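Structures for review follow.
Heads up, the next two complexes both have chain A, just with different partners, chain B and then chain C.
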Partner chain A sequence: MRSALHALAAAAAALPLVSLPVRAGQIEEAKTGLNLFSYQERDGRIGVLSPTAWVQAPVARDLDFEARVTFDSVAGASPQYVSNEGGPVVHTLSSASIREWRKEGMFKATRWLGDDSLSLGADVSSEHDYLSQTLSTDAKFEFLNKNVTWAIGASVTGDAISFTGFPDIHQRRVTRGVFTGITQILSPTDILQSNLAFTNGRGYFDDHYEYTVSFLGRRVFLDRDRRPDARHSLSWLTRWKHYVPALGAALGLDYRYYQDSWGIRSHMSELSWHQPLSTTWSARPVVRYYTQSAASFYSTTVASSSGVSSSDTRLAAFGTLTLAFNLSARLGDRDTFEIGAGRYVQRSSWRFGSGSPDLPRFDASYAMLGWTRTF
Partner chain B sequence: MSCRNEIQLFSDSSETAQAAFEETVEEVQRIELLWSRYRPDSIVTCINESAGRKPVVVDEETAGLLDYAATAWRESDGLFDITSGVFRRAWNFSSDHIPTKETVNACLPLVGWDKVVWQRPEIYLPVSGMEIDFGGLGKEYAADRVASLLVEHGWIALINLGGDIVASAPRPGDEPWQIGIRNPDAASRLSGHLPLYSGALATSGDYERCIEVNGQRYGHILNPRSGWPAADGPASVSVIAQNCLLAGTLATVAMLKGVEAKRWLDSMGTVNHLVW
Partner chain C sequence: MKIFCLLSVLVLGGCANVQPWERGYLAKPEMAFDPNPATAAQMQHMYASKEAASGGYGVGGGGCGCN
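Presenting the complex of A and B:
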């Protein structure tokens, strides 16, 4: 059979055509990978170790499939109550160290209809006292010679919450979401994406392991975390990617605005720089600033009569700064290895405006290892 | 050319890049003028209009391509045949129905390179109504000519003439060009992704012109011996070779090999990608 190739090559060589050395990598159709993510809060608080395996592959000419499984191992102690027993308000960790596991599995199937696509996805996450199940769908349409992609989608999440120590009590929450987004190629070096998402959640939002202790003179008040039974949110994310030909690098600029019916308003800005260092190595430093206002019912002392109150620090007003650095190496034509580390620092005073008083400093660091193979 | 063409090249100045680009456009237009069967003054039109009447003397470049076509016919056991364009009279791929066997069979006496009298530099189509068509070679040849011009001038470039792709050299830093291979059913969805350092990639597929009847797909690449597309053949074949002409020929023949397509390409040691 090789003689046919040689005869054709010889006939082509008689023409005034260049004959180039054939040098190509493997044609890649599918990807699979393993990731290991580690997160550790300072002062012996929560630590998470999270391995993930994933795959993306075409299963038919007009059908793509992706799936992911994650196991989280959570260990340490979480803030459990807030007390002003000694005068100032103090966030106190639970006395017992916890160790929990979370399992998550997701899959998504995408059916292509010409240039447009329709996806269906499902996601299940389970812990010993928590089960979350999501169904989602989205559609993507191409316009203007594929320079514009319009996406719309919807999802519904059902959460079942139970209580350690109270086997007869079960609570539920349902969150519905919709989103729409436009991705526009502005020039050969610029892509702009803007997504708008709304969620509407109803049900049980309390953190039943958290409570607030207040000392007023000789009287002691104990209040369990109680939150509204509805949460509606709006999130608007805009991303700009700019390729810098002179450096072969890409600049990323993201901004996200978020607001919800609990009174939280947040702004997130992220700046990233993807710089190839050689044919093998590339680096990606990231800096992110985040600021949020407090939920209207956030309080570190027992609320009067409003009925809802929480001292959960995640509902406070604060600012955070994240610095991260990722290094990736492409070895051979098929394998990419990635190593990354980041530091997350939260301060009440870093909020744009003013933060919640009495909020403790909060630092965390994370690291990740990743391997991706194309085949 | 009625397709999207693109040339990417690395240059220190936009003026020299523009000059190189203009030279390539001139070359593509020259080839189109020479061989287009839609142009009344092209050599192909002249050969076809002389069918059954007289031989035509061709220029050196056309003779070279006819020699190549003769080799391709011989090495493919007659599956690659530049006389098979006659089947267009039976097949209308913009309609939703297939032709009758009688209509297709009526074309058969007008198809077959073995009927052609080719004695360099003269070609004679002995039956009135016979045609030759460089549709399966011309665009690939043009991509190779453009690559040749750019290589002569030392340019690092990627040429894409409607999906016929040539990488003249790796990108600076020995980086590959990242080539997306289109899916037969969805232009936006890539069925594969190829890091190409240098060489040519041609794709042959039935996705742009085909008729689907009762779930059976009839692609526009027809077997010259029967006038029908290969049953159970791939929907798309991509081949990488030292030039686009060779890659395109191998891809077209593989489309007609049916279920044997992959084995045939692998037996020659080619880098290939098939979608079924």
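Presenting the complex of A and C:
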């Protein structure tokens, strides 16, 4: 008996010391951070500089708090109209250079009730012609010796839309969303998460700044962007992380299926590899592929008879590829610095099946700097 | 509980019972789904402004005139 106890004690002493969250998802350490995100589209199109400050902290034994503030500075030329004046359909950029600002703030408070939690959140995004306000709530429940976490949530977003040059026009849109997800530990090296989200949006979805021009013989047709006044969507996201002990690295694989009432179907897959290079440095390359079908009312000519028509490239059929690389350095016990860069490329021909004809090539690149302090 | 386990089996393929002392690898920073919440939010915002699909990562998140 005594030797068995000695063996047990020896085995316990040999266990690695690890810091495990007492409750899944609980914020155990206060953290704050600053991020600077820079995004630039090729050919002088939109460029964005976006600083973000964030904090997450336990403010009491059973109460966590998160907040984030972002300020976007947007400059460049945006797509304005589609025309076949010269024969082929051409997407034309606005001749005027725009400069806009967007401010966004969010907070979320989480109350722990034993192993379960209840959260309330709010998010406000403001531009000179757009105000979006969201309220959300979610609850998380632990099951099966904390091997499974079940999450449910709901949100409502109210958008107020106005138009530069038309001070008397104000439009509204309300989007309600529900969400459920399961996170499950599959093995000592595998964890899987699967989330289902539904949204139901009603109101104004048009892009008032975009229009389509069609030349048919001597006749010229001009139509502004007109979309259905409702949009319902389903997103099914599944994420898997696998730890490779031999390499001390983690593999990540995400897949999302999306469909909506506008006829759009999309598939997104993302592969990442998180490799510590030393006790200080770690690298994280990411590859993402995305493909979508076109909205049923997407058209580059005015000849639509359904009453709704849009030539917005985001409603076309295309595929995209993102290649990104992040490098982070942990300096001391408290500070982590992160630097990253990526390239985002969109091509009509990269869609599974066939993409929308006449869709221009689209290239963008981005870079980010981040700093995180743990208290 | 049994119903939940059954749902979990159907959706995720099984109810493993990994003990707390076996979760050392799972607790490593590399195993976080989103290592930096601000970076993840910025990436999702960028994709949502250029693609028709979004969502699935949780509730909340503000709308934007960019989409």
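Please note the rule applied: the second predicted complex is superposed on the first by the 345 of 375 C-alpha atoms of A that agree within 3 Å, B and C clash if a C-alpha of one lies under 4 Å from a C-alpha of the other, contacts with A are read in each partner's own complex, and residues count from 1 in each chain.
Operating definition for what follows: a contact is a pair of C-beta atoms (placed from the backbone, for glycine too) under 8 Å apart; a residue touches a chain by one contact, two chains touch by 3 or more.
Every value quoted in this text rests on a predicted model; they were computed, and no experiment measured them.
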Which of the two partners, first being chain B and second being chain C, lies in contact with A:237: first, second, both, or neither? second
Looking at A:299 after the superposition, I want to know if it touches chain B, chain C, both of them or none. Which is it: first, second, both, neither? neither
Between chain B and chain C, pick out the one touching the greater number of residues of chain A. C
Touching partner for A:56 - first (chain B), second (chain C), both, neither: second
A:146 in the overlay: touching chain B, chain C, both, or neither? Say first, second, both or neither. both
State whether A:27 touches chain B only (first), chain C only (second), both chains, or neither. first
Check whether A:64 is in contact with chain B, with chain C, with both or with neither, and answer first, second, both or neither. first
Contacts of A:112 with chain B and chain C, given as first, second, both or neither: first
Per the definitions at the top, what is the overlap between the chain A residues touching chain B and those touching chain C? 15-16, 18-21, 146, 276
Spell out the part of chain A that touches chain B in their complex, as residue ranges. 1-5, 7-12, 14-29, 58, 61-62, 64, 112-117, 142, 146, 248, 276, 278-279, 333, 374
Which residues of chain C touch chain A in their complex? 1, 4-5, 7-8, 11-28, 30-31, 33, 35-39, 41-42, 46-47, 50-67
The answer for chain B against chain A in the complex is residues 61, 64-65, 67-68, 71-72, 74-76, 141, 144-145, 147-148, 151-152, 166-168, 170, 173-176, 181, 183-189, 191-201, 235, 238, 240-243, 245-246, 249-250, 264, 267-271, 273, 275-276
Within the complex, which stretch of chain A touches chain C? 15-16, 18-21, 33, 35, 37, 39, 50, 52, 54, 56, 66, 68, 70, 74, 102, 104, 106, 108, 121, 123-125, 127, 129-130, 132-134, 136-138, 143-148, 150-151, 153-155, 157, 159, 161, 173, 175, 177, 179, 181-182, 184-189, 191-197, 199, 233, 235-237, 239, 241, 243, 245, 249-250, 252, 256, 258, 260, 262, 264, 266, 268, 274-276, 282, 284, 290, 292, 295, 314-315, 320, 326, 328, 338, 340, 344, 346, 362, 364, 366, 368, 370, 372
